[in-house]
Each structure stands twice: as structure tokens, then as C-alpha cells.
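Two complexes follow with chain A in common, the first pairing it with chain B and the second with chain C.
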Partner chain A sequence: MIFFIVQFSRNPTANGVGVDLLKGGIMKIGIPKGLLYCKYHPFLTTFFTKLGCDVVISEDTNKNILDAGVKYCVDEACMPVKIFHGHVASIKDRCDILVIPRIMQLWKNEYICPKFCGLPEMVINSIDNLPPTISEPIYATSQKKLYNWAKAAGKYLGKSNNKVRLAFHSALNAQRDYEEGIFDKGYEVNVALIGHPYNIYDSFSNMNLVKKLNKLGVGIVTGEFTHEDTLRDVAKKLYKKPFWTFTRENYGFAINVAKEKIVDGIIYVSSFNCGPDSIIIELIKNSLPHFPFLILKIDEHTGEAGIDTRIEAFADMLERRTRIESNFSTHG
Partner chain B sequence: MKVTFPHMGNIYIAVKALFDGLGMDYVIPPMNSQEALTVGSRYSPEEICLPFKIMVGNYIKAIEQGADTVILTGSCGPCRFGEYCELQMNLMKDLGYHLDFIVLDMPKDIGIKELFKRICKISSPSSKSTYEKVMALKNAIKVMDLIDEIEASAHYLAGFERNKGQCKEILEECKREVMNFSNPKVMIETLKDYREKLKYISVDINKNPLKVAIIGEIYTVIEPFSNFNIEDKLMDYGVSTKRGLTLSWWVKNMVMSPFKLNSIKIKQSSKKYLSMAIGGHARECVGEAVLAKKEGFDGAIQIFPMGCMPEIVSKSILPTISKDENFPIMSLVVDDMTGEAGYITRVEAFIDLLERRRSNVLFGS
Partner chain C sequence: MYYLGVDVGSVSTDLVLINENSNLVEKIYLRTKGNPIKAVQEGFKMLRKNYKDSEIAAAGTTGSGRLIAATIIGADAAKNEITAHATAALEIEKDVRTIIEIGGQDSKIIIINNGIVVDFAMNTVCAAGTGSFLDRQAERLDIPIEEFGDYALKATNSVRISGRCAVFAESDMIHKQQMGYNHSEIIRGLCDALVRNYLNNVGKGKTILPKVLFQGGVAANKGMKMAFENQLGFEVFVPENHSMMGAIGAAIIAKEKVKKTGITNFRGLTLAESNIVTRSFECEGCANKCEVVKIYENNNVMGYFGDRCTKWSNRLRENTKLA
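Let's look at the complex of A and B:
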């Protein structure tokens, strides 16, 4: 039953605004460019464009957005959530309706993080004067369940079922056609870049890590090119199946690339105080005790010079390791 | 097989009743102390939450006393607690201890067969008959209910007592004395005596003490060591406290959850602010804050360990409740580095604030 619960913003002006606004002209839908936008933006933008709405997307993360996020968000939250708050604050005055994706599950019996499930509540209670929000839960476990979200969102905007169905299918197609991930070729030294997607693909929060590594002559491989079945198989070896999607994927990817010798080292980009990361880093360390493994902690205070030094040192180390022919671990 | 378990409030009393009833060998780890925390945080991952560190401290202390098997409950919610077992297994192995873990997970995740297998593994060294085993479990649950009831009424009556400190004394005496018996039946009788005793202490019903609800993450509110004995301190100040999250509540909640009949009152009151379960006890925290206001409490204190994901969500909702309902709520974050003095100052200041609010002309309007 819970899938059908449509939760609207508690903002008193919110009730029924959607349909009324439609009469005034094209509706502007605001989509914050934070968290999993980097992964699912084709779906979101296509869906609302095909419904005949104007899509307003916040700009790339920058200092102002981060500052606004830090100002509005609770202190204990991690940096990506703070950045999301900043994105919302930056577009809230430019749109009629705001989309806050409450992604509950991407796979069956797997979550992302409790903060994702409660994201709309966090945003609504932290930022004042928000426009009405679309914050229905997204269960992407099957096409049918995902369609529930589309139906609820379309209903809120006052669109006909037929239109919603068409928009939903073209949005799904757009998402399927979209390919992300980095697989560099032609570099002598390669590393696997692991972490939550919003840390890897947000070049502001990770301080241009991808470009910096390429400049140092280090190629990058990300997890998207490993087959889902392989990831699952590797994670099955654990005592308990991880119940966070990215934990399972990152763990599977890390163990797989290390075993297949696709890369020379692993860089894990983790935001400070991230719950799932605190567990998965330990799991990877336990399974790969003698593999080069660098953990980059990022938060809103991270100094760029410190990060630079660390990745340079790591790149140097990897390069030296590849030069030594008999590259055996001293541990046997 | 010598069984041990991590501390969590009064669970040791119930576990004692259970294993005494089963006639099995067990080790109760030494009560939580700074030493256990220091040992635990030395070996634990850096960013893990406080309960993990204290638990690891418990295990190591229990191993010193000869324990070789740990019983742990699990969960498959989005909260980190569900992954504790895996990490702790690896950690204890790396430290060179041969510790067996029996993890009791929800049947929907591991299957009912596997759960029964694990329960059988726990009770297999016991020579008792199946009926006696079931009775032992029943007695243990009864003990847990009783001790939680006694504790709750002592905490509440502390604000009304005429002889200052009487409730606290009775509660401490009760916990001390019940541990002297090894027969679950006698334990239950003793607890019942104390329950009667608490009913007949002299109270001043004309008193109008401050009433504070303790809400937040389940481990840190239940385990007195992790929250610096906040409830005892509030008893000393003559403040009545209520805590909705207890072990008996947890058991009841877990049993009822497959039928979706668990904590209906909390679900209803939290609906306006947080409409769905997001893992951990965020919804309970929000619901209890709203309930506390309805029940005429003066304020609420939220306690959670650093980095607790569900409670971060509820922390961001609580200010809105506070504003809407005109209800003061304070959030306290604890971890292994929390200093007691700063923490107590905040609690005292909060109590002062609640007291002064009452003399305000606008109070209650």
C-alpha cells in the first residue's frame, strides 16, 4: 500500500497548486543537480520535458551552492546532502514546482541510505519558502513500480494518463541510451575510482580529481562497466548480503578489478561521516589486504593542496611498483 | 560453548534469566565503562558509530572471562546496525580471537529455516526439554517487561517523591538484588515485589515536576553509559522522565511488524512530519516528540551517536515540530570523544530553560 501514498509538501500553499498553475502558462519544474542527478538526469529531464513542462536545472556545484547548503542543512549531514540543500536553495525562487527524488530502492531489498529516504523531509524542514514539491517515493525495482512514481507526479501536475505513459516510456529510453562511466585507455598506470556516484562525478566536491589523475598519467576505470551479475557474485561471498546498493556495487567492483588485474590501485572517494562508506571501506580493506588502496575523505573544509599531495604520492607509488619487475608483496 | 552478548541497558538481567532457565554457560561482560570504550575504539573503524565501539569493548572483556560465542541481533534496514555482525566478525578474527557469532536476523532476509537453525544452535547445549526451553524464553521476556516497567515508573515518580532519592535507591537496589538469584521464577517474584514497593512510596501528588521525554537512537537512549546516565541525573534533579524506546517495546514492535500492527500510536503521530519508515528509529523519534507534547511534557531531549543516519533526518525535522507545537527539543550528539562536563552543562541549561518557561506569562497559551 505504501507505494500509493502520495505525499505532498506540508507548505500550506501547496495543496492543489499544480493544476491551477497550469492555466497560467508553461509550468517550470525545478530539478536540483545534486546527489543522484548525475546518474539519473536523462530520466528526470526527459520525463518532465515530454510532459510539456519547462525544466529548470540548477547550475553546476560551486562555492555559493556549497555555502548555501552548509547554511541550511543540519550540521551532522554529509557533504553531498548539504550540497543538495544548496542546489535546492539556488533554484527554489526560479521554479513553480520542485522535484525532490525520494529514492527508496533501486534493487529489491536494497536501499541507498536512510538520508535518501528522508531527503524531502530534510529539505522541506530546513529551507523556508519552498515551492510545492513532488516527493513521492521512488521504487525502481521494476518498471511497474517506477511507473507509480510517474503516475503520481503526472497526477500532481494535472496531466492525462496517456501523456504520462508516453513521457514515462521516452524517459526510460533516454535513461537506457545514456552511458556514463569512465574507462580510460592508453595509460600505463590505471586506478579504479570507487565511491558514491555523486562524489565521483561532481568535479567541485572532489576538486577535479579525474582531470588531476589523468594529468599525472593515471588512467581511470569506474564501476559501470562491470556486469551486474559479477558484482552480485562477488558480494555473495560476504557473510551477509549488503543492503545498500552502492555498497554492494562498490565492493563487487573493487574485489573484481583487483582480482582481474585491470588496475594497479584503488582510490576510494568518500565523504566525511558517510555511514555506508565507513562499513564498505573496512570490508574492502579486509578482502584486499595487500592491494594499493587510497581513501580520499572529502568534506566542505577539505584543502586542495592536501588532496593534491596525496594523489601525487599515490601515483608515484603506483608508477614505481609497475617499474619493478618482480613486484611481489613482501607479505608473501 | 560459553555464550556472551553485548550490553544494552537492562538486557543482561533478561539474558541471565534466559540462560539460567536453559541451564547453559554464559558470560555477562563487565558493565560498560570507560575502559571498555577505550579498548573498543582502539580496534574499531574510525568513522563507525558509538554502539559498535562499545560492543567491541564488551566482546574483548568477555573473551577475557572465557566467552567463545556471541549472540547478536541483526537487521536489514538501511541503518548501519545490520552490517555490524560482518565487520565485528572480521575485526575479532584479525585480532586473533576465535569468536563464534550467532546472528539473529529477521526471517524475511535469511529465511525462517535459517533463523530456526541459528536459534537451535544457541539452545543446543541445553539439556532441557523443548517445553522447558520455551518456558525459559517466556520467563526471560517476563523479566524484561518487569524491569522495564519498574524502571519507567521509577523514572516517572522521581519527580513526585517526597523523600528525595528514594526512587533511584529502590531502582538500584532492585537491579542489584535480582542478579543474586539464578532461578528465573525467583527473579520474577523479586521484581514483582519491587514493583509493589514502588507503588507504595510516598509521593506528593500536588507537585508539578518538569517532565522530559527522552527520544532518539535506541542504543544510546537505552544504554546509560553511552548517554552519561542522563536518566539518573534527571532523577537527581527531580525531573520526571519518560522513554518510549525500551527493550520490551523493541521485542513487541518486532513481533508485530510483519502484521503492520506495531506502534500504531507512534506511526499516527509522526505521519504529519515523516510519513514512512526510513530505517533505524527516526519515525519513532519524531512520533514520540509529538506524543510527548500531547501528553503534557515540558520538553524532549534527543540523543544519538555521531553520524547516525536516520537520526540526522529526524534532527532536521525536530525544529519544525518544536516551532509548530511550541515544544522545546534539544539534540545531543554522543561519541567516544564527548566530554561529560560540556554535555551535563547543556542538560542543566535545558532544564533551567524549561523551568523558567513555566513562569513566563505566555506559558501554555
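Let's look at the complex of A and C:
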């Protein structure tokens, strides 16, 4: 049973606020470039553009955004959630309506981190003078369920069913056409970069990790190229089905990429106080006791010396290991 | 010919000279005191008394301040501490399997198999169990850090202290002290707690095989050595120059590098006389507002640091190419 939390705005009207706001011209929809934006931006931006709205997207994460996020957000949240707050703060005055995706489920019987379910409340209660928000829960387990979100959002903006349907299908197509992920070729040493997508693709919070690794002569492979069925099969070997989607995916990817010898090592990028990560990291370590595995904890501090030392040493180690292994065919 | 190694750590700055056979000929230990540049200059001043620039064939740096040090001295190699420590350890002990290194703010474990680093781990953001914490406790108990280990050896009993977190450990220690336990027992308990924390945290999931080398500044603490031996159940070796291992490793790496390239970038010991100042500014180029550090030597710009996009740090490189 799906809870239909109609938590649309502070002053909803029967026809939606869209009609009122539109008097001023084209509606400006603000989309914060935080959390899962990196994964689902084609869907979100296409949907609202096709509905005839202007889409206002926050800048790439930067120091101002991080500072604002730390200022507004509750202290115990993880850094990606704080950064999301910063993105909201940076565009709240430039849009008529703000989209805060309340992503609940991507697959049946598993969930996204609880901070996503409560994200709109966290943001609305922490940042003053926000425009009205679209924060309808997103259940992306089937096209039909996802369409519920589109219908609600469209109604809120005062758009016709027909228009919403067309926009929804364009958005789905845009999402399907979007190719994400990194699969470097031509490097002698390669690592799998694992973690929540917003930690891997936000080059500010991970201190340019992708570029740094490439510069050290290390190629990168991310999880998007591993087939969903493979991820599922690997995770089935766990004593219990993982509750969180990213836990299952990251575990499946790590084990598969190591067993298939696609990479020489694994780097796991984790937010300092991430609960699901604390479990998944141990599970991966237990399953791959002899595979090179580096954990990078990212936090608010911006000193890069610590992260540089770790990735340099890891790259050195992998380079020597591969050199030895290619010289002698047998393991020592 | 000599080869210079500089390890700029959070607490200490170490300089060494090694000879062709990688034997130590000179070692200097200085406190970094928050000013790595000054510490390096201080060290150079001392080296100048006995050595000439022409005698130094290569220079390497390591430690958290390796980049800034490499820029000012013109290093041939700037290597991370893991590689540097492993290189130095393998030089003195070919059969080493595990290196325990505990420094001022970092603690590390390095696993070696057949002379190759096969695994390593470092402490995460937490500094519990590192040198800084011991330093602070020694200061609080008014015991010179050099004698800290002897106190632990004197104790017949170890007081249980929580080692998970430096803040909790400290309150635990104060609590035990107020209950009347003597200093020796508390210090021994602290050493046991730190080792427990190290093995559970940094050493988690790692198989620690002998021969074990215990390196870094904290290895001077006999109480820590004993605690490791008690908990591991076999002997732990502390190399003679345990606190210099990083610097020695950097010197060896620089030596090997220069053997390959045939030319050193070392700028000479006259650096000791230079007037080096740093100024930082907030770059306005984009919203990242990086805090860029600009280093001047005798009013000439020597280098930039801290810019994410490398706009500033590359600028100088281009200029030197032109010059």
C-alpha cells in the first residue's frame, strides 16, 4: 500500500498554485544539483521542460554551497545531505517552485536511505523563505507508480493530463538514453570506484578523485556497466537480502568486478557517518579478504593531504603488484 | 656522494643523509611547530655546517608536508609515507612482513609479501592512538614524553582504559587517576588501550605476521612496544632509526630516481639563508574560493598551493619553462 502524502505546499489551492504563479510569465522550476540529481537529471529536467517550465538548476557544488549547507542543515546529517541543503539555498530565490525529490523506492522490496524519505521535511524546516515545493514521494518500481508522481506534479502546476503524459514519456526516454558511468580504457592499472553515486560524481566533495586517479595513471570503472541481474545474483549469496538498494548494488558490483578480474583494486568512497556504508564495507571486506581495498572517508574538511597520501600509496601498491604479477605467472 | 631525505610530518620534521649504500650518515630531528618551511630551513642550517651542496646528489621528501617541502628544496621525488616507510624497512630487513607505523597524526599498517607492499591501511579521520594523543597525555601528567614508556614498564598491573576515542580515553584516565591508581599503571593501561584500538581499527582484517617492524616516533615508547608484543604474542622489532624511517625511505627513492634521470633538481643548502614567506589569498576565479598559498623566496614567487583547478600552481611551472 502506498501512502499518498499530499504534502504539496503551504497554501495549496484546488487548481494548484500554478495558475496563480503563471501570471508573471513562464514558471521557473528549481532543481537542486545534489544527491541523486547526478543519476536522474535527464528525467527531472526533461519532464519540467516539456511541461513548458523554465528549469533553474543550481551550480556544481562549490565552497559557497557547502558552507550554506553546513549552516542550514541539522548537524548529524551526512555531508551529501548537507550539500543538498546548500544547493537548495543557492536557488531558492531564483525559482517559483522547488523540486525536492522524495525518492522512496527504485526496486520492489528495497529502499533508499531514510534521509531521502524525510528530505523535504528536513529542508523545509531548516531553510526559511522557501518557495512552494514539489515533494511528492517517488516510487520508481514501475512506470505506473512513477507516473503517479508525474500526475501529481503536473496537477500542481495546473497542466493538462495530456501534457503531463507526453512530458512523462519524453522524460523516461531521456533517462533511458542517458549513459552514465566511467569505464576507462588504456590504463595499466585500473580500480573500481564504488560508493553512493553522489559521492562518486560530485568532484567537489570527493576532491577531484577521478581526475587525481587518472593523473596517477589509474583507470576507473564504475558500477553502471554491470548488469542488474549479475548484481542481484551476487547479492543473493548474502545471508539476508540487503534492505537498501545502493547496498545491494555496491556489494554486487564489488564482488563481481573483483572475481572477474576487471580491475586491480577497489576504492570505496564513503561519507563519514553513513550507516549503510558502514555495513556494506565490512561485507565486501569479508568476501574479498585478499583483494586490494581502499576506503576513503569524505567529510567537510577540505584538506587534501590525507586523501592524496592514501590514493598515491594505493596506486603505488597496485602498480608494483601488477608489475610483479605480470613478470611471474604464479602467485607468491 | 650523499642523498638527502626530508620527512615533514605534523609533529616532527626529520632530515637524513644517506650514502651510496643507503647507510645513515646524518640525522636531524626537529619539531615542525606548525611551520614546515622554517623547520626545513632550520635543518638545512645545521647540515650546512658539515656538508657542501656538491656532496648532495639527490633529495626526496615525504610526510604530509612533502609537497611544500619538495617545492622549496627542489626535490627529485615527493613520495607518500606508505611507500617511503616500506622502502626504508625493506632496506634494513628483507624479510619484513608487517610494518606498524605510528606517527603524530597518522597510524598505518603495511603488509609486505616477497618485498612488495600488498596491503595497507591508515587510521580514518580519528587521531586516537597516535603520537599527538600520547604527547598530550604526557603533558597533562607532567611526565616528559621520553620517559613515558619507562613508566609503563614499571607497572605490574594495567588499568583498563577505553581506547576507542581520545576524548573518552582522557576522561577515563582522569577518572582512574582520581580513584587513586598510580601513574605507571594508568600509563600502561593507556598503552594497552592504544594498541587494542590500533589492532581493532587500523589492523582490522589484516593478518599480522612476523617479522614486525615498529616504526615512527611512537616506537620510542617502550610501553607501546611491550603492549604490542603482549597482544600479538611475538617479538616486535624497533629499528635503530625508527623515527627516521620515512626520511630514509625518501632519500632512497630520490637516489633511485636520480640514478635513472642522471640529474638532480636540488636547489642547495643555501636555502637556509633565504627569506621565505608565505601569503595566502582567496582565489576569486570561481565559487570554490580556494585558499591559495603563495610562497616567496627573497621576494620572488616560488610556488603556489591549494588551488583545486591548478590554475595557480601551473602558472609558475609555465614561467619556469620560459625562463
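Here, the second predicted complex is superposed on the first by the 311 of 332 C-alpha atoms of A that agree within 3 Å, B and C clash if a C-alpha of one lies under 4 Å from a C-alpha of the other, contacts with A are read in each partner's own complex, and residues count from 1 in each chain.
What we mean here is this: a residue touches a chain if its C-beta (ideal position, glycine included) is under 8 Å from a C-beta of that chain, and two chains touch if they have at least 3 such contacts.
Since the model is a prediction, treat every value here as computed from it, not as a measurement.
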Partner chain in contact with A:Tyr147 - chain B first, chain C second, else both or neither: neither
Contacts of A:Pro242 with chain B and chain C, given as first, second, both or neither: first
Touched partner set for A:Trp107, first chain B, second chain C, both or neither: neither
First (chain B), second (chain C), both or neither touched by A:Val74: first
Residues of chain A touched, compared between chain B and chain C (which is higher): B
First, second, both or neither for A:Asn208, with chain B first and chain C second: second
First, second, both or neither for A:Glu312, with chain B first and chain C second: second
First (chain B), second (chain C), both or neither touched by A:Pro292: second
Set of chain A residues, in rising order, touched by both chain B and chain C: 272, 286
List of chain A residues in touch with chain B within their complex: 2, 5, 7, 10, 73-74, 76-77, 109, 111-115, 117-118, 121-122, 125-126, 137, 238-240, 242-244, 272-279, 281-283, 286
Sites on chain A touched by chain C in the complex: 59, 62-65, 204, 207-208, 272, 285-286, 289, 292, 295, 297, 299, 301, 305-306, 308-310, 312-314, 316-317, 320-321, 324, 332
Touching residues (chain side chain C, partner chain A) in the complex: 64-65, 79-83, 113-114, 116-120, 122, 124-125, 205, 286-290, 308
For the chain B and chain A complex, residues of the former touching the latter: 45-49, 74, 76-80, 82-83, 85-87, 89-91, 94, 103, 105, 109, 272-276, 278-280, 282, 306-310, 312-317, 319-320, 333
